[in-house]
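Every chain is named by a letter (A, B, C, D and E) in the order it is written, and numbering of its residues begins at 1.
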Amino acid sequence: MLRSDLLLKVACRVLAIAAAAIVLLVFGFLVRESAPALRSIGLFRFFTDASWHPLSGEFNFTPMIVATLLTSVGSVCIAAPLGIASAVFSNFYAPTWLASWHRRLVELLAGIPSVVFGLWGLVVLAPLVAAFGGSGQNLLTATIVLSLMVLPTIALLSDSTIASLPREWILGAAALGLDRWDTVSRLVLPAARRGIGSAVMLALTRALGETMAVLMVAGNIVEMPRSVLSPGRTLNGNIALELGYASASHRSVLFVSGLMLMLVVSVLVVGFSRRTRSPVG
Amino acid sequence: MISTDDLSIEYNGRTILRRATIAAEPGRVLALVGPSGCGKSSLLAALNQMTEIIPGASVCGTIKFNGQDIRDVFETSVHLRRHVGMIFQKPNPFPMSIRRNIELALHQHGKHSKPAINEITETVLRDVGLWEEVHSRLDRPALDLSGGQQQRLCIARALALQPQVLLMDEPCSALDPISAERVEQLIESMRGKYSVIIVTHNLAQARRIADHVAVFWMQDGVGEIIEQGETDAIFDASTNALVNAYLSGRKG
Amino acid sequence: MISTDDLSIEYNGRTILRRATIAAEPGRVLALVGPSGCGKSSLLAALNQMTEIIPGASVCGTIKFNGQDIRDVFETSVHLRRHVGMIFQKPNPFPMSIRRNIELALHQHGKHSKPAINEITETVLRDVGLWEEVHSRLDRPALDLSGGQQQRLCIARALALQPQVLLMDEPCSALDPISAERVEQLIESMRGKYSVIIVTHNLAQARRIADHVAVFWMQDGVGEIIEQGETDAIFDASTNALVNAYLSGRKG
Amino acid sequence: MTSLPTTLYLHRRRDLLVTSVIWLAAGSVVTILGWILIDIGVRGLTHVSYAFLTEAVEDAGRAGGIGPILISTMLLLGVTLFIAIPLSLATAIELTEMIEQNSWFSRNLRRFLDVLAGVPSIVFGLFGNALFVITLELGYSILSGGLTLACMVLPLLVRTFEQAITAVPREYRFAAAALGLDRTATLFRVVLPAAAPGLMAGVVLSVGRALAETAALIFTAGYVARTPESLLDSGRSMSVHIYDMAMNVPGGGTQAYATACVLVAMLLAINGSTAILLRMAGLASRPGAGGQW
Amino acid sequence: GRNTSVGQIQNGQHHLEGRLTLTGSSTVAPLATEIAKRFEERHPSVRVDVQTGGSGKGITDARMGVADIGMASRELKPDENDLVSHQIAADGVGLIVHKSNPCSELSTDQIVAIYQDRLNNWKDVGGEDQEITVVHKAEGRATLELFLHYLDIENPTVKADVIVGDNEHAVKTVAGAKGSIGYVSIGTAEADIEAGVPIRLLPLGSIEASTANVANGTFPMGRLLNLITTASPSPLAAEFIHFCQSSDVHDLVKSQYFVPIASESNVAQ
C-alpha cells in the first residue's frame, strides 16, 4: 500500500475512534457526577419514592420518565406522518418548482432555535390550548411543539431517501399501470422504509434530547400524567430547571436523570439497530 | 393495434424524434432498430404515455389504439398502461417477494380475490417458463433471482394484466446468452397472442423474430424513421444505401 | 505488451471466466467479442487490476507486462495503471471542469508545472479531435459536453498519462452514430502507437478495426475464450461451429 | 376488452382523495412553520436595522444592537465547523470507504454515534463545562463552546456525510482508479468534490443545529455580551441572547424576536450562498428521483 | 485556574488590571453586566466577565474558586457560612394575575389556600367563576424559597398547575392564561406592565407591591441581591464589589428595575 494511503487509513481510523469516544466520555462524566447520589440513595428509591422533592429527600423519577417518553414518542407520531407526507409531496405530488421551494422552507425550519419554537409555544400556542382549561402548558402543547421541531429532520431525511431510490422501479410501476398513490404506498414507502425508519429514529433521539422548548411549554409538574392535558416534566427539563439552583447532593441527583435519559436512548438505539439489521423481505 | 401518426418528441424543447409513423399489427412483432440515441426508447415511452412522468419530455402527434385516438379510448394513462405493457432493458423487479411483484398490478386493477390471483400468478409464471424454477420460493425476494429470471419475471408481471400490446426495450441486452435465448423464445411464443414492439441492437435477433422492422437514423441530430416494412424486404432488398450500410454492419 | 496466462476470475467464489490466455501486441488492436456476461469486461478489469477495488472479485493466473509478471514490474496497481489506460462504456468524466479532468491524473503522477500541463492538455485534446470544439471553454464543467465529446475527453484524459496499453470496454456503444464514428477513427489513428484491447458487441466494428479477435463463449455457465487469431482468419475461416454461428448472427 | 369501469372509477376518486390529503399535509407543514416564521417576522422585523446589527448591547439587551453577539456567533460557528468537519469527514470516510459494512466495528461506531445524537443538549452543556471549561482549563470561552457544539453536531454531520459519499456513482471511483489515482487522491480529488453538494447540505443542517443551540452554550461559551478579543474570551451566541431576552430580561421581547429574524436571515444567506458556490463550481445538486407525475 | 483574577492595585487606587469572572443568579446577571461595563470604562485594563446559570451555581463556583465572585438572589444558608455575601440591590417578590382578573386583594391565608389547592375558584376570593391556575417555581429557586418562607409552608404541600423557571416564564404564563396566579420579582412585573404585558401586581395584605414600597421597606416579601465571595476576595474583586455598592451605580440598579441599597456598606462587612 502506498504511504499516503496508509496515512489516510490510520488517520481515519484514529479520528473515527475519537468520535466514538466522545460518547464514552459523556457517559463517564455522567456516571462520575451521579455516583454520589447513586451511592447514598441507591437506584431503587428513584422509582419507589413518593414524589419528587429533592430538597425534602424524595426522588421519584418515574413520572418524568413517563412524561419524557410520552412527549417524545407522541411528537414523533405526529411528525412522522406529516414529515413523510411532505417528502412524498416534494417527490411525487408537487410541481418541480414548488418542490424545491418546499424543500427550502423545510430546510430553513431545521435551523430555527428551539428557544424560538418554545417561545412560540409559550406565547402563541399555550394560550390557545388554554381553551381546554388550565394554563395551556401541558403534555399536549409540549408534544406539538416538539413535533414541529423534529418534523424537518424526518421530512428532509425521508426526502433524500426517497429521492435516491432507483428510477427504474418507479418507471416499472408506472408501466404496470399503477397510479401515483399505489406507486407511493406499495412500492416507494416499503422500499424506503429503512431510510425513513432511521430518520424517525434520529427524530426520536432528537425529541428525547430536546430541553429548552419543552421546558417552556410542558408545565413541569412532576406527577403521573392522567391525560394529554396534564402538565408534566421531562428528564432534561428537570435538569435545566433545577440544576442552576442545586446544591451538591441535589446536583448529583439531577445527573442521575441525565444518566437515565442516556440509558433510555441507548436502549432504543440498540433495539432499533437490531431490528433493522435483520434481513428485509 | 397501436399506431402513431407523425409523432415528434422533445426533451426540454430539443426535438429528438421527428414525425415517426409506425403501426403495430395484432399478433405481430415489430422491431425498431437503429443506432444509439435516435429516439427508439423515447418512442416506446411515448406509446404508453410514460413520457408524462419524464421531466421535460413533450410529445406531439397522435397515438391511436385500434384506430382511435388514445385520449378518447382511455380516461387516463393508468388505464392505457393496463392494455399496453412495457419491459425495460435492465430487469427491474420491485424489492419485494416474487409473488408481490405480480400481485401489485393486479390489485391496482381491481383483482383482490386470493385464488384468482394465485391462478393468474401460476399461469403467467408458466407462460414465461419460470414456474418450475420458482414455485417453491414465491415468497422469497425477487432481487435474489438471476438477471435472466428477473427479466422473465418482469415479463410475467406485465402479462398478468393481459395487455394487448407489449413494448420491449432491448429486453435481452443485459442477459447472458442462455437467458437471452429463453426470452427470445418467449417472444416467439407470444406471436399471434400479443402485439409486440421490440427495440433491439442485435440485428440478427431482429431478423430472427420480427415480422416488421422500422429503421431509425439520425438526420441533422434528430432521430427519424428512414425505412420500414417487412423484415425480409428490409434486410435483403432495401434500396436505401444508409440502411444497407447499417444492416450489413458497415455503419453505426 | 500485456498478456495473460490461464487467467480465471471469480466473483464471491463463483467463477465467471476460466483460463483465459490473451496477448496484446504493441501497436496492434485486439478485439474481444462474445455474448453478454461471459466475462469480457471482467477480463479488462483484471488487466489493470481494477478487480482489486471490486468487492468480491478475485483473480488467479498471471498477467504479464512485456513478458514479466506485473507484480514484479510495478510496485502497486497505481503504478501499473499509469501504463495501462482504461475507457469505459458509459463516458465518465468527473463532475468538474474539462481542464481539471485532464490535470487530475497528471498531478497524481508527479506533473505539477503549469506550462507543461497546459501543453499536454492541448496535445491530447488535439489527438482526440476535441481541441477546436472546447479550447475556449476549458474551464466549463465537463458534464456539459455531449456524450461523444465526453467519451473523447475520457480518452484524452487517459492518453495524457502516455500509457502503453489502452483498454476499452465498448467505448462506442453509448454514443450516437456520428460520435461513434469519430471514436472509431480515433482508435484507428492510435494503431501503431498504442497497444489497444477493445471489447465490442458490434461485430462489424470489430472487423473494421481489429488486427486480432478473441471470441468468448459461455460454457456451463462460465465464460471461456473459444477461439482467437487474426481478424480475417476468424471471421472468414473459422472452423468452430459456435463461432461461425455467432459471427454470422445466428446465435447470441 | 376486459375493462373494469367501477374499480377504475373508485381509483380515480381515491387518487383525488389521496392527492388532497398529501397536499393538505404538506400545506399544513408549510402553514404551521410559516406561521412561526411570520410570528417572528411580525414581532421583530421592524426592529432590525443596520444599527441593530452593528451596535453593542445596551441596558442588558433592552437597547442597542447585537454586534458583538453576531461576532461571537460567527466565531463559535467557525470553531465548531473547524473541529467537527474533519472529525466527521474522517468518521464518514471510515464508515463508507475503509471498513466492511456491517462489521462489528462499523455497527458499533454507528450505534455510538446514534446514542450521541440523543444526548440532551443540557447534558452536553454540563459535559462541556466539566471537560473543556474546567478540566482543560479553557474557561468560559468561544473555544469551549465551539468544542462542545462540535461534539453535538457530530452525529448529524457524520450521517449526512455518509449519505453524500455513498451517493457518489461508482463510475467515478472506477474512472479515478483507472487513471492511476491512489485512494487518497481518488477520495480527495474525485469522490469528495463529487459529493460536495451532499456534504454542503450536511454542513448547512449542522450550522442550523449549532446556531439553534442554547442550553449547551450557557455553560461553556458563556453569557458575556462584549466583543471577544480572542477565542479564549467568553461570548454570547445569538440563541443564548434570544433566550436571555425572552426569558430573563423583562422588556426584552422585541429584541428577542429581532435577533431571531437575523438568525433566520443568516440561515437563508448560508443556504443561498452554498447553492451559488456549488453552482459556480459546476456541482449542481442532484434532482429528486421521483420525477414528476 | 483560568478564572483567578490577577487584579492588582498599581499606582494607587486608579490603575487596576486583570480579569474577574462572575457567575450565578440569572436575576442579578443583567445588572452585573451593566455595572461591569461601567467598571471596565473606568478601568480600561480590567475585564469583567459575567456568566449566568442560577444562584446555586454562583455560590458553588465562588466556593470552588471557579468564579471570583458568585451572584445570588438569596441569602446564604447556614451551611454556606464559609462564604461572605455583599448586598448590591434589593428586590421584592409580588403576586401577579392576569390583567382582566377582577380580584383586588388576597390575604395570606387565601394565598396559602390557593397554593395548597384548598381554594380553586376565583369566585371564592372575589373574582369571576373561573378555575385558579397556580403557577409555581422550581425547587431551589430563590423566589420560591422567599415565597414559601413568607407563607410559612413546606414545598411538598404546594399543589401547583404549572412550574416555571425564570421570572419571564412566569410572566408569560400568567399573561397567557386568564385564571392564573403566580409570583415574580416586582421589578420584572413592573417592567413588563410598562411594556404592555397584560398582567397585574396584587397588593400583599394591603401593601401595594411596588419597587417604591420595597425601597422604603414596607413591602413584606423583599429580598436582597448579593455578590458572594470567599472570606478573602482578591483586591480587584473587592474593588469591584465596592463599586457595585457605591452610589455610582444607582442609576443602573434602577434601570434594571431593582432598588438601590441606601447606605453604603463596607466591603469587608
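The working rule: contacts are C-beta pairs under 8 Å (C-beta built on N, C-alpha and C of every residue); 3 or more make two chains touch, one makes a residue touch a chain.
Since the structure is predicted, the reported quantities are computational estimates derived from the model, not experimental observations.
Peer 1: Which chains lie in contact with each of subunit A and subunit E?
Peer 2: In this structure, the chains that contact subunit E and also subunit A are D.
Peer 1: Please list the single chain whose C-alpha centre lies closest to the global protein C-alpha centre.
Peer 2: Per-chain C-alpha centroids ranked by distance to the global centroid put D first.
Peer 1: Quick check: how many Å separate the C-alpha centres of subunit C and subunit D?
Peer 2: Each chain reduced to its C-alpha mean, subunit C and subunit D end up 44 Å apart.
Peer 1: Hey, how far is the Cα centre of subunit A from the one of subunit C, in Å?
Peer 2: The mean C-alpha positions of subunit A and subunit C differ by 52 Å.
Peer 1: Report the inter-chain centroid distance for subunit A and subunit B in whole angstrom, where each centroid is the mean of the CA atoms.
Peer 2: Comparing mean C-alpha positions, subunit B is 48 Å from subunit A.
Peer 1: Could you state the distance in Å from the CA-based centre of subunit D to that of subunit E?
Peer 2: For subunit D versus subunit E, the centre distance works out to 36 Å.
Peer 1: Send over the residues of subunit E in touch with two or more other chains.
Peer 2: Where subunit E meets two or more other chains at a single residue, that happens at 26, 53, 165, 169.
Peer 1: Name the residues of subunit A that each touch 2 or more other chains.
Peer 2: Residues 2, 96, 166, 170, 179, 216, 240, 243 of subunit A each touch two or more of the other chains.
Peer 1: Among the residues of subunit D, pick out those that touch two or more other chains and give their numbers.
Peer 2: Residues 11, 182, 185, 246-247, 287, 291-293.
Peer 1: With touch defined as at the start, can you tell me which subunit C residues reach subunit B in the complex?
Peer 2: Listed in rising order, the residues are 35-38, 147, 173-178, 180-181, 201-205, 207, 217-218, 221, 248-252.
Peer 1: Would you pull the subunit A residues touching subunit E in the complex into a rising list?
Peer 2: The touching residues are 51, 53-56, 58, 122-123, 126-127, 130, 133-137, 215-216, 219-221, 231, 233, 240-248, 250-251.
Peer 1: Okay, in this complex, where on subunit D does subunit E touch?
Peer 2: Within the complex, subunit D touches subunit E at residues 59-61, 134, 137-140, 218-219, 222-226, 233-234, 244, 246-253.
Peer 1: In the complex formed with subunit C, which residues of subunit D make contact?
Peer 2: Going by the criterion above, the answer is residues 169, 171-182, 185, 189-190, 193-194, 281-283.
Peer 1: Give every residue of subunit C touching subunit D within the complex, in rising order.
Peer 2: So the residues of subunit C touching subunit D come out as 48, 50, 53, 76-82, 85-86, 88, 90, 92-97, 104-105, 107-109, 140-141, 143, 154, 157-158, 161.
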